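Going in written order, the chains are labelled A, B and C, and every chain counts its residues from 1.
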Amino acid sequence: MSRDDDIVMVISNAPDLLLAKRIAHVLVEDGLAACVNLGAPVLSIYSWKGEIEGADEIPMWIKTTAGRQQALIDALSRLHPYDVPEIIVVPVIGGSPAYLGWVREQAGGQQPQ
Amino acid sequence: MSRDDDIVMVISNAPDLLLAKRIAHVLVEDGLAACVNLGAPVLSIYSWKGEIEGADEIPMWIKTTAGRQQALIDALSRLHPYDVPEIIVVPVIGGSPAYLGWVREQAGGQQPQ
Amino acid sequence: MSRDDDIVMVISNAPDLLLAKRIAHVLVEDGLAACVNLGAPVLSIYSWKGEIEGADEIPMWIKTTAGRQQALIDALSRLHPYDVPEIIVVPVIGGSPAYLGWVREQAGGQQPQ
(Lines give C-alpha, C1' and ligand atoms only; values in the text may rest on other atoms or scores of the structure.)
Protein backbone atom coordinates (compact mmCIF):
# COMPACT_ATOMS: atom_id res chain seq x y z
CA MET A 1 0.00 0.00 0.00
CA SER A 2 2.78 2.43 0.87
CA ARG A 3 5.36 3.26 -1.77
CA ASP A 4 9.07 3.21 -1.07
CA ASP A 5 9.37 6.97 -1.44
CA ASP A 6 6.52 7.80 0.93
CA ILE A 7 7.82 9.70 3.94
CA VAL A 8 7.22 8.38 7.45
CA MET A 9 8.03 9.54 10.95
CA VAL A 10 9.33 6.84 13.27
CA ILE A 11 8.96 7.60 16.98
CA SER A 12 11.07 5.91 19.63
CA ASN A 13 12.60 6.63 23.03
CA ALA A 14 16.15 6.07 24.30
CA PRO A 15 17.04 5.56 27.97
CA ASP A 16 19.48 8.50 28.00
CA LEU A 17 20.85 11.33 25.84
CA LEU A 18 24.22 9.72 25.20
CA LEU A 19 22.67 6.61 23.72
CA ALA A 20 20.08 8.69 21.85
CA LYS A 21 22.90 10.63 20.17
CA ARG A 22 24.75 7.43 19.31
CA ILE A 23 21.64 5.88 17.77
CA ALA A 24 20.88 9.07 15.83
CA HIS A 25 24.41 9.23 14.43
CA VAL A 26 24.34 5.61 13.28
CA LEU A 27 20.93 5.96 11.65
CA VAL A 28 21.91 9.12 9.76
CA GLU A 29 25.40 7.91 8.82
CA ASP A 30 24.03 4.66 7.46
CA GLY A 31 21.42 6.50 5.36
CA LEU A 32 18.56 4.90 7.27
CA ALA A 33 17.20 8.29 8.35
CA ALA A 34 17.45 11.81 6.97
CA CYS A 35 17.02 13.58 10.28
CA VAL A 36 16.55 12.64 13.92
CA ASN A 37 15.19 15.07 16.52
CA LEU A 38 16.17 14.29 20.10
CA GLY A 39 13.71 15.92 22.48
CA ALA A 40 13.86 17.03 26.09
CA PRO A 41 13.37 14.13 28.54
CA VAL A 42 9.88 12.66 28.84
CA LEU A 43 8.43 10.70 31.74
CA SER A 44 7.03 7.43 30.40
CA ILE A 45 4.28 5.85 32.47
CA TYR A 46 3.22 2.26 31.79
CA SER A 47 2.27 -0.97 33.45
CA TRP A 48 4.89 -3.71 33.80
CA LYS A 49 4.02 -7.02 35.43
CA GLY A 50 1.01 -5.43 37.05
CA GLU A 51 2.80 -2.42 38.57
CA ILE A 52 2.61 1.18 37.30
CA GLU A 53 6.17 2.21 36.41
CA GLY A 54 7.74 5.51 35.41
CA ALA A 55 10.97 6.02 33.45
CA ASP A 56 12.78 9.09 32.13
CA GLU A 57 13.53 8.72 28.45
CA ILE A 58 14.77 10.79 25.51
CA PRO A 59 12.19 10.92 22.71
CA MET A 60 13.45 10.46 19.16
CA TRP A 61 11.50 11.63 16.11
CA ILE A 62 13.04 10.10 13.03
CA LYS A 63 12.25 11.16 9.46
CA THR A 64 12.81 8.57 6.74
CA THR A 65 11.17 6.88 3.75
CA ALA A 66 8.87 3.86 3.71
CA GLY A 67 11.59 2.08 1.71
CA ARG A 68 14.01 2.35 4.63
CA GLN A 69 11.46 1.88 7.38
CA GLN A 70 12.07 -1.83 7.97
CA ALA A 71 15.88 -1.55 7.93
CA LEU A 72 15.62 1.38 10.35
CA ILE A 73 13.37 -0.57 12.73
CA ASP A 74 15.80 -3.50 12.61
CA ALA A 75 18.81 -1.25 13.29
CA LEU A 76 17.00 0.58 16.10
CA SER A 77 16.04 -2.73 17.71
CA ARG A 78 19.67 -3.87 17.61
CA LEU A 79 21.07 -0.58 18.96
CA HIS A 80 18.49 -0.26 21.74
CA PRO A 81 19.19 -1.88 25.12
CA TYR A 82 15.54 -2.63 25.96
CA ASP A 83 13.95 -5.97 25.10
CA VAL A 84 10.82 -4.22 23.82
CA PRO A 85 11.69 -0.63 22.90
CA GLU A 86 8.91 1.67 21.73
CA ILE A 87 9.10 1.95 17.96
CA ILE A 88 6.02 3.25 16.15
CA VAL A 89 5.57 4.62 12.64
CA VAL A 90 3.31 7.55 11.78
CA PRO A 91 2.45 8.47 8.16
CA VAL A 92 3.49 11.78 6.62
CA ILE A 93 0.84 12.93 4.11
CA GLY A 94 2.36 16.21 2.98
CA GLY A 95 4.78 18.98 3.73
CA SER A 96 7.23 21.27 2.03
CA PRO A 97 8.21 19.64 -1.29
CA ALA A 98 11.83 20.74 -0.80
CA TYR A 99 12.03 19.08 2.62
CA LEU A 100 10.29 15.88 1.50
CA GLY A 101 12.64 15.72 -1.48
CA TRP A 102 15.64 16.16 0.81
CA VAL A 103 14.46 13.25 3.00
CA ARG A 104 14.19 11.06 -0.13
CA GLU A 105 17.72 12.04 -1.19
CA GLN A 106 19.18 11.28 2.23
CA ALA A 107 17.26 8.12 2.97
CA GLY A 108 15.82 6.97 -0.32
CA GLY A 109 15.69 3.65 -2.11
CA GLN A 110 15.24 0.24 -0.60
CA GLN A 111 18.46 -1.27 0.61
CA PRO A 112 19.19 -4.91 1.10
CA GLN A 113 19.96 -5.55 4.74
CA MET B 1 -12.51 1.46 8.69
CA SER B 2 -10.09 1.04 11.56
CA ARG B 3 -9.96 -2.29 13.35
CA ASP B 4 -10.07 -2.58 17.10
CA ASP B 5 -6.49 -3.81 17.29
CA ASP B 6 -5.03 -1.01 15.17
CA ILE B 7 -2.64 1.09 17.21
CA VAL B 8 -3.18 4.83 17.57
CA MET B 9 -1.38 7.68 19.29
CA VAL B 10 -3.63 10.08 21.15
CA ILE B 11 -2.11 13.52 21.79
CA SER B 12 -3.34 15.82 24.51
CA ASN B 13 -2.04 18.49 26.90
CA ALA B 14 -2.52 18.86 30.66
CA PRO B 15 -2.34 22.20 32.50
CA ASP B 16 0.41 20.98 34.86
CA LEU B 17 2.65 17.99 35.61
CA LEU B 18 0.77 16.86 38.69
CA LEU B 19 -2.48 16.52 36.79
CA ALA B 20 -0.69 15.00 33.80
CA LYS B 21 0.70 12.27 36.07
CA ARG B 22 -2.69 11.64 37.62
CA ILE B 23 -4.35 11.34 34.22
CA ALA B 24 -1.58 9.02 32.97
CA HIS B 25 -1.90 6.75 36.00
CA VAL B 26 -5.67 6.44 35.63
CA LEU B 27 -5.47 5.72 31.90
CA VAL B 28 -2.82 3.01 32.35
CA GLU B 29 -4.38 1.49 35.48
CA ASP B 30 -7.76 1.24 33.78
CA GLY B 31 -6.27 -0.45 30.71
CA LEU B 32 -7.26 2.45 28.45
CA ALA B 33 -3.65 3.11 27.44
CA ALA B 34 -0.51 0.99 27.29
CA CYS B 35 1.92 3.86 27.77
CA VAL B 36 1.76 7.61 28.29
CA ASN B 37 4.75 9.90 27.66
CA LEU B 38 4.66 13.19 29.57
CA GLY B 39 6.87 15.73 27.81
CA ALA B 40 8.69 18.85 28.92
CA PRO B 41 6.38 21.90 29.09
CA VAL B 42 5.19 23.39 25.81
CA LEU B 43 3.95 26.92 25.19
CA SER B 44 0.55 26.70 23.49
CA ILE B 45 -0.43 29.70 21.38
CA TYR B 46 -4.01 30.09 20.19
CA SER B 47 -6.78 32.58 19.70
CA TRP B 48 -9.52 32.81 22.33
CA LYS B 49 -12.38 35.27 21.95
CA GLY B 50 -10.33 37.26 19.47
CA GLU B 51 -7.17 37.58 21.58
CA ILE B 52 -3.92 35.67 21.08
CA GLU B 53 -3.29 33.70 24.27
CA GLY B 54 -0.35 31.64 25.51
CA ALA B 55 -0.42 28.86 28.10
CA ASP B 56 2.21 26.50 29.48
CA GLU B 57 1.06 22.90 29.23
CA ILE B 58 2.40 19.37 29.65
CA PRO B 59 2.11 17.38 26.42
CA MET B 60 0.86 13.80 26.69
CA TRP B 61 1.51 11.19 24.01
CA ILE B 62 -0.70 8.21 24.67
CA LYS B 63 -0.34 4.82 22.96
CA THR B 64 -3.47 2.66 22.78
CA THR B 65 -5.63 0.62 20.40
CA ALA B 66 -8.45 1.83 18.17
CA GLY B 67 -10.77 -0.37 20.25
CA ARG B 68 -10.02 1.66 23.38
CA GLN B 69 -9.79 5.03 21.65
CA GLN B 70 -13.33 6.20 22.39
CA ALA B 71 -13.28 5.12 26.04
CA LEU B 72 -9.91 6.83 26.44
CA ILE B 73 -11.21 10.09 24.92
CA ASP B 74 -14.23 9.95 27.23
CA ALA B 75 -12.06 9.35 30.31
CA LEU B 76 -9.61 12.07 29.31
CA SER B 77 -12.47 14.56 28.82
CA ARG B 78 -13.80 13.73 32.30
CA LEU B 79 -10.39 13.95 33.99
CA HIS B 80 -9.37 17.19 32.25
CA PRO B 81 -10.30 20.53 33.82
CA TYR B 82 -10.68 22.42 30.51
CA ASP B 83 -14.03 22.71 28.74
CA VAL B 84 -12.39 21.96 25.40
CA PRO B 85 -9.11 20.10 25.98
CA GLU B 86 -6.96 19.25 23.00
CA ILE B 87 -7.45 15.58 22.18
CA ILE B 88 -6.37 14.40 18.74
CA VAL B 89 -5.72 10.93 17.36
CA VAL B 90 -2.89 10.09 14.95
CA PRO B 91 -2.68 6.71 13.16
CA VAL B 92 0.17 4.29 13.74
CA ILE B 93 0.94 2.36 10.53
CA GLY B 94 3.83 0.23 11.70
CA GLY B 95 6.56 -0.27 14.23
CA SER B 96 8.30 -2.99 16.14
CA PRO B 97 5.99 -6.04 16.20
CA ALA B 98 6.97 -6.74 19.83
CA TYR B 99 6.02 -3.21 20.92
CA LEU B 100 2.76 -3.15 18.95
CA GLY B 101 1.87 -6.55 20.44
CA TRP B 102 2.59 -5.24 23.92
CA VAL B 103 0.26 -2.26 23.37
CA ARG B 104 -2.50 -4.68 22.28
CA GLU B 105 -1.94 -6.80 25.39
CA GLN B 106 -2.08 -3.81 27.72
CA ALA B 107 -4.92 -1.93 26.06
CA GLY B 108 -6.64 -4.43 23.81
CA GLY B 109 -10.23 -5.35 23.19
CA GLN B 110 -13.27 -3.12 23.15
CA GLN B 111 -14.67 -2.50 26.57
CA PRO B 112 -18.18 -1.47 27.38
CA GLN B 113 -18.10 1.88 29.13
CA MET C 1 -8.59 12.62 -1.15
CA SER C 2 -8.56 14.75 1.96
CA ARG C 3 -11.49 17.07 2.58
CA ASP C 4 -11.01 20.72 3.47
CA ASP C 5 -12.35 20.21 6.98
CA ASP C 6 -10.12 17.25 7.81
CA ILE C 7 -7.79 18.11 10.66
CA VAL C 8 -4.04 17.80 10.23
CA MET C 9 -1.00 18.35 12.42
CA VAL C 10 1.85 20.19 10.76
CA ILE C 11 5.27 19.67 12.37
CA SER C 12 8.13 22.10 11.92
CA ASN C 13 11.15 23.45 13.80
CA ALA C 14 12.31 27.03 14.34
CA PRO C 15 15.93 28.02 15.01
CA ASP C 16 15.06 29.78 18.29
CA LEU C 17 12.17 30.53 20.64
CA LEU C 18 11.79 34.17 19.64
CA LEU C 19 11.25 33.29 16.00
CA ALA C 20 9.07 30.32 16.94
CA LYS C 21 6.78 32.68 18.89
CA ARG C 22 6.67 35.16 16.03
CA ILE C 23 5.76 32.44 13.51
CA ALA C 24 3.11 31.02 15.85
CA HIS C 25 1.51 34.45 16.36
CA VAL C 26 1.34 35.15 12.62
CA LEU C 27 -0.13 31.71 11.82
CA VAL C 28 -2.82 32.02 14.49
CA GLU C 29 -3.61 35.70 13.81
CA ASP C 30 -4.01 35.02 10.10
CA GLY C 31 -6.36 32.09 10.73
CA LEU C 32 -3.94 29.61 9.18
CA ALA C 33 -3.69 27.58 12.40
CA ALA C 34 -5.96 27.09 15.39
CA CYS C 35 -3.20 26.30 17.85
CA VAL C 36 0.59 26.04 17.84
CA ASN C 37 2.54 24.19 20.56
CA LEU C 38 6.13 25.31 20.98
CA GLY C 39 8.14 22.57 22.64
CA ALA C 40 11.32 22.47 24.69
CA PRO C 41 14.46 22.60 22.51
CA VAL C 42 15.32 19.51 20.48
CA LEU C 43 18.70 18.50 19.11
CA SER C 44 18.34 17.83 15.38
CA ILE C 45 20.89 15.47 13.89
CA TYR C 46 21.25 15.20 10.12
CA SER C 47 23.74 14.94 7.30
CA TRP C 48 24.64 18.10 5.36
CA LYS C 49 27.15 17.96 2.51
CA GLY C 50 28.46 14.67 3.82
CA GLU C 51 29.02 15.76 7.43
CA ILE C 52 26.87 14.83 10.43
CA GLU C 53 25.55 18.10 11.89
CA GLY C 54 23.64 18.94 15.05
CA ALA C 55 21.44 21.99 15.67
CA ASP C 56 19.27 23.10 18.58
CA GLU C 57 15.76 23.91 17.40
CA ILE C 58 12.34 24.68 18.82
CA PRO C 59 9.74 22.13 17.69
CA MET C 60 6.37 23.46 16.54
CA TRP C 61 3.24 21.30 16.47
CA ILE C 62 0.58 23.14 14.50
CA LYS C 63 -3.10 22.15 14.40
CA THR C 64 -5.08 23.25 11.34
CA THR C 65 -7.44 22.00 8.62
CA ALA C 66 -6.55 20.38 5.31
CA GLY C 67 -8.16 23.41 3.63
CA ARG C 68 -5.58 25.73 5.15
CA GLN C 69 -2.65 23.33 4.92
CA GLN C 70 -1.15 24.69 1.71
CA ALA C 71 -1.47 28.36 2.73
CA LEU C 72 0.10 27.49 6.08
CA ILE C 73 3.04 25.71 4.43
CA ASP C 74 3.55 28.71 2.12
CA ALA C 75 3.47 31.17 5.04
CA LEU C 76 5.78 29.02 7.14
CA SER C 77 8.27 28.77 4.25
CA ARG C 78 8.26 32.59 3.89
CA LEU C 79 8.62 33.24 7.63
CA HIS C 80 11.35 30.65 8.15
CA PRO C 81 15.00 31.68 7.67
CA TYR C 82 16.20 28.26 6.43
CA ASP C 83 16.31 27.41 2.73
CA VAL C 84 14.81 23.98 3.43
CA PRO C 85 12.94 24.07 6.75
CA GLU C 86 11.39 20.88 8.02
CA ILE C 87 7.66 21.00 7.33
CA ILE C 88 5.76 17.71 7.45
CA VAL C 89 2.03 16.98 7.72
CA VAL C 90 0.58 14.15 9.80
CA PRO C 91 -3.10 13.11 9.53
CA VAL C 92 -5.51 13.43 12.45
CA ILE C 93 -8.09 10.62 12.33
CA GLY C 94 -10.11 11.42 15.43
CA GLY C 95 -10.23 13.20 18.73
CA SER C 96 -12.60 15.12 20.93
CA PRO C 97 -15.45 16.41 18.71
CA ALA C 98 -15.45 19.73 20.62
CA TYR C 99 -11.74 20.28 19.98
CA LEU C 100 -11.89 19.24 16.32
CA GLY C 101 -14.86 21.60 15.85
CA TRP C 102 -12.92 24.42 17.49
CA VAL C 103 -9.98 23.88 15.09
CA ARG C 104 -12.41 24.07 12.14
CA GLU C 105 -13.88 27.32 13.50
CA GLN C 106 -10.47 28.91 13.99
CA ALA C 107 -8.83 27.69 10.81
CA GLY C 108 -11.63 26.57 8.55
CA GLY C 109 -12.44 27.14 4.91
CA GLN C 110 -10.09 27.34 1.98
CA GLN C 111 -8.63 30.77 1.49
CA PRO C 112 -7.26 32.18 -1.71
CA GLN C 113 -3.67 33.18 -1.17
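Here are some notes:
Simple rule for what comes next: a residue touches a chain if its C-beta (ideal position, glycine included) is under 8 Å from a C-beta of that chain, and two chains touch if they have at least 3 such contacts.
In this text the structure is predicted, and so the values were computed from the model without any measurement.
Copies chain A and chain C of the same sequence differ by a rotation of 120 degrees once their CA atoms are superposed, given in steps of 5. Because chain B and chain C share one sequence, their contact can be compared position by position; here under half of the interface residue numbers appear on both sides.
Note: centroid distance chain B to chain C, computed from Cα atoms, is 20 Å. Residues of chain A in contact with at least two other chains: 39-40, 90-91. Residue ranges on chain C touching chain A, taken from their complex, read 2, 8, 10-11, 13, 39-47, 52, 57, 59, 69, 73, 76-77, 83-91. Chain C meets chain B in the complex at residues 7, 9, 21, 24-25, 28-29, 34-40, 61, 63, 90-96, 98-100, 102, 106.
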